[in-house]
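Below, chain A partners chain B and then partners chain C, in two separate complexes.
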Partner chain A sequence: MRFILRRLGFYLIAFWVSITLNFLLPRFMPGDPVSRMFARNQDRMQPEQIEQLRKLLGVDDRPLWEQYFGYLHNMLTGQMGVSMSRFPAPVTEVIGSQVGWTLLLGGTALVIAAVVGNLLGILAAWRRGGAVDSALPPLLIFIGSFPYFWLAMGALYLFGVTLGWFPIRHAFSDTIGPSFSWEFVSDVGMHLVLPALTIVLVSIGGWMLGMRNTMIATNAEDYITMAEAKGLRPGRIMFRYAARNAMLPSVTAFGMSLGFVVGGALLTEVVFAYPGVGYQLLAAVQGLDYPLMQGLFLTITAAVLLANFLVDILYVRLDPRVRSN
Partner chain B sequence: MTTSIANTASSLPGETLADPLTGKTPDGGTGLPPAVSVRQSNRSLLHGLLTNKKAMTGAAILFVFIALALLAPVLFPDNPSKITGMASQEPDAEYWLGTTAKGQDVLALTIHGSRSSLFVGLTVGFASTFIGILVGLASAYFGKFIDEALSLTTNVFLLLPGLPLLVILAAFLPPGLGTVILVLVVTGWAGSARVLRSQALSIRSKDFVAAAVVTGERPLRIMFGEILPNMASIVMGTLLACIIYGIGAQAGLEFLGLGDVSTVSWGNNLYWAGNEGALLTGSWWVFVPSGVCIALVAFSLALINYAVDEVTNPRLRKIRKPKSDKPKLTQADQPKPVPTGKRAAA
Partner chain C sequence: MTQQRFFRAARITAAGLAVGALLLTGCSANQGTTGATGASAESAFLTIPREDMGTFVQNFNPFAPTVNPMVQQSIYESLLIFNPAKGDTTPWLATEWQAAADGKSITFTLRDGVKWSDGKPFVAEDVAYTFELQKKIKGGFEYLETVTAEGTNKVTFSFSKPWSPALYDLGQLTILPKHIWSALADPGKDANAQPVGTGPYTEVDSFQAQSFVLKKNPNYWQPEKQKIAGIKMLAFAGNDGANLAAANGDVDWAPQYIPNIEKTFVSKDKEHRQYWFPATGATINWQLNTAKAPFNDVDVRKALSMAVDRDQVTKIGMSGYAKPADCTGLSGNYEKWMNASVKDNCTWTKLDLDAANQLLDKAGYAKGAAGKRTLKDGTPFEFKISVGASSSDWLSVANVISQNLAEVGVTAKVDSPDWAAVVAGYETGDFDSGIVWSANDPSPYKYFNTTMGTTTVKPVGTKTFDNYHRFGDAKADALLAEFAAEADESKQKGIADKLQEEYNDVAPLVPLFSGPEWGAFNDTRFTGWPTQDNPYATLSVKSPTTVLVLTSLEPRK
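Then we have the complex of A and B:
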């Protein structure tokens, strides 16, 4: 319990830091983004927009600490203001319409990469020097060396443009409206293949090597020798004895990746014009839509922190040493 | 070592940008040679690297790129952005890598691009590692409150999602090369600080450091004269990983159009390729070279990194259950931004 509380405290601090960062950035950065934005949007802005922007970005006559507490209060109560580029939609609404796609893309890619990668890692460690162990790591490391977005571009070019197997942009076809029909679901699936595949390709090596390395250490433990001496089936030793104990770092990595997926798939989303939060974040940056930008950043951060907290709770369940500490 | 299990759980993987799936190495600590003779162990590291095939392959690739970067003004004295040929020409005898949609020579762009990419990568790598060393050593040496405060800061920075933070920072700062470097260092130092802190902690608890404290050595001298030399291999690993991170993250940032679009670099080449629709028109030669270059440089650095691991960590070299043939790659890290492998376990 103490562990959980400590972690919770830590995440709250981290969240506070990101809100504060959000607060400070537009106020103390050189280059004055506020005036840049005012200059650009002058004719198009409604008076109430200007008013709320002033508040949000600190072109405001109140003392700084008063602004700060006002800002904290607004953020914690979910009042992130109104989007500039998609006026008059509130920021929360814009984010809400995007977040599902990112979760779908990221979730699918993450689960596939984690499951397949860990299995490969288990196999590689179990048969050290075997085919899986000698051929795959260098190959995956090499693939992992490519920039994310570049692999995405390559996949898009090869499978999307040249071969035409998969659609090249967006999350579903314009001709089909969202519905729970088979047609729509399969269409979404087709749009998902390429972006998800890129993420899986890049990240699978990390899972595999991580699992392999932990498992090599686990394999050297006495209880494995004991299990072998008892004459247990190799498959049982591999999964129930060795892999199970080697899982812990992977569990932690999973939490980290959940958050990473929300934000890190950004580049992939941009390449495929996939309508998730990453794509939206870039659009917000390009449109100088500061409220939306800040809202997205906070949402992504919150997702990362929440995911990690959940993993911590799971960790306590899995690792008794943490409980007794 | 003072790290508790709780702390370990918290300090498991946490990469800043590219990929947080860090594996913890089998042996928490590194196979550091006992501190009998630092100089000797460092020399054997160098010797080990020079005789290591992976290290030499990596070094050779890297050398080629550095040479190309230095020779770029000689090979292509013209401004690489100058429009010299027809638009979107396929590779031929005159333009070995074809031309862009604007009619620029892709080969010139790629070779000139290596200058900015390597420069930023190296600068970011050295700066992040330097901050990491300072934070790690201070944390380990002073302990207590200073350690708590520095670790908290490090962990918060590790947890904040790197790429979105990068984008936000780049959006608020005035565009330019300085911004790119600053932003990359801000998001990249934490990973190296954490790795170096764990290592410094384990060395801090060794007897020879205690002896140095008792004999009244100055803190700075203990940190940089006693502890740091014993971390040489891990500092090197961290540096390599930070350079990889720097190059990759710069490319990503520039690809999003958030870098300095007026300079020629691999990331910007890809940005323009995307902008000019090279993918849709089928001009593969425009976007392939820069990407392959980034990958090759990252791969060569990763190779050297593995070699460092292999040389310093006997566990990874030895195969416990010998099977028929030797594995080609017995190393245990991944080619990701922040050095992973060698965290000292609790």
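Then we have the complex of A and C:
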């Protein structure tokens, strides 16, 4: 319990530091939201309208420290304000309407990549020099080192355009509305295949190699030899003795990745026109939309910290050494 | 926890996550979905991509800084429509207008029989109220003193000074219904989810995160022109997705920039696909910060301009889609205002290295060692060209200029941070030179006012939003004042001629080329598109002329 409380204290400080950075960084960027909007409109706006727009959007002219306390108060009470680039939609609505797709895409891809990658890593290390071990790592690293954009475009062109197996855009067909029918769910599934597959392809190699390397080290431990000497079944040794102990770094990595899923997959969203917060974040940064940026950064920070906290707790369960400390 | 139990737990969590995500998205996407869409009706919707919105928000408020597509094109309409492709003006919600002899007011006569999409009649009060609201929420229209509705079909706008550029300024603002907007508590922040307008397609249908449909206005004033069943907008996070949809034949209209369009778009179906890039965009200029030496010297500006190879600039930088500019500074948008005698006798906008060298020598920027020129204080003639990193086309324009200048012994370095940093420098005057857009109104007043009017010049350090190059000219001021006070267009033309002569003399900036208006279409399903031979509108989906296209297209028989 003390362990958890101590971690909690640490996370609170980390949270404070990161929301302070979230506040400061956008304000160090040159320009302000209104002049960016003006520049982007390339003279379709009248200069006299700028003051008015500033008032309408609520651009803050107070001194920085006053803004900071107002900001802290708003963050703690959950008031994220109104998005400027999507005015007058509130930030919570802009994020809320898209974060679901981001979680669906990122979560699915992450779970598949982590589970399959780890299993392949376990197998590869268990049969060192076998077919899985010699063929897969170089192949997966080869695929993983393609620029993601190129790989995604290639997959889209081959499977979407040329072969026509999968839809080439959006999260579901625009001819059917969202519902809980089989038709809609399978449509969402079909739209998910290519975006998720490409993310899995580029990330799976890392999971596999990581697992394989720790597993090889674990395989050399005395207790493995001992288990073999006891005559246990190889499958039991592989999963319960070797893999369980080799899994710790993977669990940490999984926790971190889980948090970052919330940040969205910008390139995937661009190539497959998939909805999500990644493109929204890019647009917010380009338009200096402070409230939306703060809202997105806050969501990402909170998700990363929360995922790490959960991993910490899971660690207590997985690794007795942490408990006794 | 045993291995099996751990994996089972993981599986359940993953499944939970997926269902949760579905619930979240399902719920949010469900909002605002009205009615079902039949697959059979789909073929009749005019499908248009929007390339810079990854998702849509159901917000049809025309005051929003980032307005949803089609709000000002097919939902709300304006009093008149100026078509830059042909240079003509189409009366729309107004049938005629009359400027007062003193130039201090204009009276518009409104069209009879126009109704809002909810069936209420469109009246003069609506126009007056729209301008009241516009001034309150978005500001602008400083010259406008009062807007008075006379009866139901006449509106008079009075100004604080004679102001002829007002006609298009007022005439092209989209008009809102007073009976709806005056009832809103905070019109600037209302999402206006089910808009009521006078346009041809106003009824929002099947609104989803990445697509929505606008169906026919049941009370449109020219029902014979609503030949398509509706408009479907698709959201794309960037040009690539939208270009793929266009290449694949999934959209009817492709208004975004498509690189190498002959090969990537047209060649797939030569019979039905066409593009047309009229030079009606703004003039793209290379601006020199005239608040700094040596750019305050007109000879330097002209010499640098003569060193630029505009053919190369448009060919390499703009893939050959743009038209080189001349010394009137006016783009294709202002075709009818051009002064032929100035245009035919341009010197400083034509490539002439010898003349450029002579002019620089004469002005006192002599070539030193290794053929590099020096400024009058002995420092090297070196400066930066600032362009935003994301504009790859303008970046290559800047690179071409930089290479061109090396030939006359001037060193120009291309500086390409983020656009925001570049524009912040332009605004405060902290820059050497840059590639910029310019004003593109129906009347050339604003273009000349923001390129050489003294009133638009702000000192370095004070933010300005036009005339970044900070050039003012007293002679131009007098002509501009005369132009603003003159209501008769033929007399305005005479003044515009003199303005062009002045522009030619002082070279406030270096005009490079007329910006093209991108646009392509696929007429497999709909016919009647504007083309070079029938330029009744441009192929833009964001301009006032868009409604002309929407009311001209018809399904292929």
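Note that the second predicted complex is superposed on the first by the 276 of 325 C-alpha atoms of A that agree within 3 Å, B and C clash if a C-alpha of one lies under 4 Å from a C-alpha of the other, contacts with A are read in each partner's own complex, and residues count from 1 in each chain.
One rule holds for everything that comes next: contacts are C-beta pairs under 8 Å (C-beta built on N, C-alpha and C of every residue); 3 or more make two chains touch, one makes a residue touch a chain.
Just so we're clear, the structure is a prediction, and the values are computed from it rather than from any experiment.
In the superposition on chain A, contact of A:Val271 is made with both chain B and chain C.
By the touch criterion defined above, A:Val115 lies against chain C but remains apart from chain B after alignment on the C-alpha atoms of chain A.
Legend: residue contacts after superposition of the two complexes on their common chain; A:Pro88 is shown touching chain C, with no touch to chain B.
Legend: residue contacts after superposition of the two complexes on their common chain; A:Asn219 is shown touching chain B, with no touch to chain C. After overlaying the two complexes on the shared chain, residue contacts for A:Ser134 are found with chain B alone; chain C is out of touch.
Touch criterion met: A:Leu296 reaches chain B, while chain C stays clear of it. Shared-chain residue A:Gln286: touches chain B and chain C both. In the superposition on chain A, contact is made by A:Gly107 with chain C only, not with chain B. Contacts of A:Leu156 after superposition: both chain B and chain C are touched.
Where the contact sets of chain A with chain B and with chain C meet, they give residues 29-31, 153, 156, 161, 168, 270-271, 286. On chain B, the positions that touch chain A within their shared complex are 4-6, 9-10, 12-15, 17-27, 152, 155-156, 159-165, 167-174, 248, 251-252, 255-258, 270, 273-274, 279-280, 282, 284, 287-288, 290-291, 294-296, 298-299, 302, 315, 319-329, 331-336, 340-341.
Contacts from chain C toward chain A in the complex involve residues 1-3, 10, 14, 17-18, 20-26, 28-30, 33, 36-37, 39, 42, 52, 54-55, 57, 59, 61, 63-66, 137-142, 188-191, 206, 208-211, 232, 234-238, 240-242, 244-245, 248, 282, 418-421, 423-425, 427, 437-440, 463-466. For chain A in complex with chain B, the residues that touch the partner chain are 3, 6-7, 10-11, 13-14, 17-18, 22, 25-26, 29-31, 33, 114, 117, 127-130, 133-135, 137-138, 141-142, 144-150, 153-154, 156-157, 161-162, 168, 202-203, 205-207, 209-214, 216-220, 249-250, 252-253, 256-257, 259-260, 262-264, 266-267, 270-271, 278, 281-282, 285-286, 293-294, 296-297, 300-301, 304-305, 308, 312, 315, 319, 321-322, 325. By the touch criterion stated above, chain A contacts chain C in their complex at residues 29-31, 35-39, 42-43, 46-53, 56-57, 82, 84-89, 93-94, 96-101, 103-104, 107-108, 111, 115, 153, 156, 161, 168-172, 174-180, 185, 188, 239-240, 243-244, 269-276, 279-280, 283, 286, 288, 317.
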